[in-house]
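You will see two complexes here that share chain A, one where it goes with chain B and one where it goes with chain C.
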Partner chain A sequence: LTNTNITDAQEMETIWTILPAVILILIALPSLRILYMTDEINNPSFTIKSIGHQWYWTYEYTDYGGLIFNSYMLPPLFLNPGDLRLLEVDNRVVLPIEAPVRMMITSQDVLHSWTIPTLGLKTDAVPGRLNQTMFTATRPGVYYGQCSEICGANHSFMPIVAELIP
Partner chain B sequence: MAEEDIETKIKNYKTAPFDSRFPNQNQTNNCWQNYLDFHRCQKAMTAKGGNVSVCEWYQRVYQSLCPTSWVTDWDEQRAEGTFPGKI
Partner chain C sequence: MLPKAAWSLVLRKGGRGRRGMHSSEGTACGGGKTPRYTNCYAQRHYPMPEEPFCTELNAEQQALKEKEKGSWTLLTHAEKVALYRLQFNETFAEMNRRSNEWKTVMGCVFFFFGFAALVIWWQRVYMFPPKPITLTDEWKAKQLQRMLDMKVNPVQGLASHWDYEKKQWKK
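Here is the complex of A and B:
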């Protein structure tokens, strides 16, 4: 540590500390701006509530009247040929395509997380809190997801299935 | 706002619109505030002998946003006199 080749280089040390810090700031500021832009104003045409329970989801469509139903995983014995094991449910959440949809997500008991990876959605279901996520799907089809926050014995057995229709 | 504007708004209601008071992910207070606003409006209009139907906007919004279990619990609390909000 006393070798003169590695001591007394104050100017170099200052430059290679300050310069990377400046570069990081120049990366961080646009990145934060874009992050907040993802939460842009988007007047939805439709609001659906998704409530997590141990170990199923409840969906509520209450914009007009009150359609409320539970969505349980289909046990393997109840699957039809071609169905996906541990992913199919008895009642799917049906949504329209090409319409901004607002999902309000909460939980009735412990933490859960409502996820549909192919739609880029993952929002925690927190008891006592109402989290909002919005999306506009463009392609019809059936989209699968699984609970993404450990919530007890059957955490792996409470999938989400969204059926997007034209 | 003129009464017919409100009635037109209610008639054309699709879903709860964007509320700039609650721009972020956490919409708990949006639900809570509209629930309070509906019941305060209803109470005030009833006291003045006014038209309670103008309060329907707040009702539609909180019904869109709030989980029904929360609304049921709050309704029970109001009936028991243990509701924490000020109406």
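Here is the complex of A and C:
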């Protein structure tokens, strides 16, 4: 580290710091622009609010009238034969297929995350903030997901079940 | 064999254990001097210590040292060996000798494997709660049938591997 061939190169060091920084900025700005351009314009026909609590979800359908209900996990003793343990709920979120749906997700107390992996959805439920996710499902069926942000003792026991009907 | 080896470290003729005895009895130096710290002895990574191994020489050894000052071709083989032993604690071959310590280490490792296995077995028998009903074969079969009926993951996942016409798994 004391070889005179590798000391005192201030000019070169300045250039090889500034130049890559400029190059990276030139790459980053168009990249960010394109990132936001890939966000689709959805025009949702349906808006549902999903509110996370410890340790259940509340769904509000307020577009056409006021339907609000809670969705608790079914304990293993309450399952029907063939049900999936830790995934079934008492009230499922019923949604239409082939219609753009907007989910507004928030939380009442601590952080949660509303997830349905097969639909490619994961949105954090942040208290005091409304997060939005939009999707258009194409296949009818029952889709399962689990809370994806640690939220206390029963974090593993507040699943999300969406029933998509034609 | 192991207890005998262990006891031999503790007991010795004369009643005191060999381990913990720090006299230089039995070495080329003769007794009577407390030994230096180990970093003064020659070691593989420090082969040329500053001080010789024996500093208190009896008359015979002193005479030999005087003879060393002359021509070395006059020294017999035995004298050269004696001079080496005065200078150094051990030869390279002795210093680098292997030991049987690995057998002890492996034995202890396997012993603790066995102990851990016993602990795990005990936990399984006395501590674990009963398995949930959903893990029985019957329930799993119904679950699988339900998932196939729902056509779960029909593109690349579970339902894509099931042939719905022939009602069997695709080959």
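What we mean here is this: the second predicted complex is superposed on the first by the 129 of 166 C-alpha atoms of A that agree within 3 Å, B and C clash if a C-alpha of one lies under 4 Å from a C-alpha of the other, contacts with A are read in each partner's own complex, and residues count from 1 in each chain.
Operating definition for what follows: a residue touches a chain if its C-beta (ideal position, glycine included) is under 8 Å from a C-beta of that chain, and two chains touch if they have at least 3 such contacts.
Since the model is a prediction, treat every value here as computed from it, not as a measurement.
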Combined model on chain A: chain C and chain B, fit or clash: fit
Chain touching more of chain A, residue-wise (chain B, chain C): B
Partner chain in contact with A:Q10 - chain B first, chain C second, else both or neither: neither
First, second, both or neither for A:T118, with chain B first and chain C second: second
Touching partner for A:I68 - first (chain B), second (chain C), both, neither: first
Chain B versus chain C as contact partner of A:S31, first or second or both or neither: neither
Partner chain(s) touched by A:V142 [first = chain B, second = chain C, both, neither]: second
Which of chain B and chain C A:L79 touches, first, second, both or neither: second
Lowest inter-chain C-alpha distance for chain C and chain B in the superposed arrangement, angstrom: 28
Chain B partner contacts - residues on chain A that touch it in the complex: 39, 41-47, 49, 51, 60, 62-63, 66, 68, 102, 104, 106, 108, 123, 128-133
Residues of chain C defined as touching chain A within the complex: 132-134, 138-139, 142-143, 145-146, 150-154
Interface residues, chain A side, partner chain C - complex: 76, 79, 81-85, 118, 139, 141-142
In the complex, chain B residues that touch chain A: 13-18, 23-28, 30-31, 60, 63-69
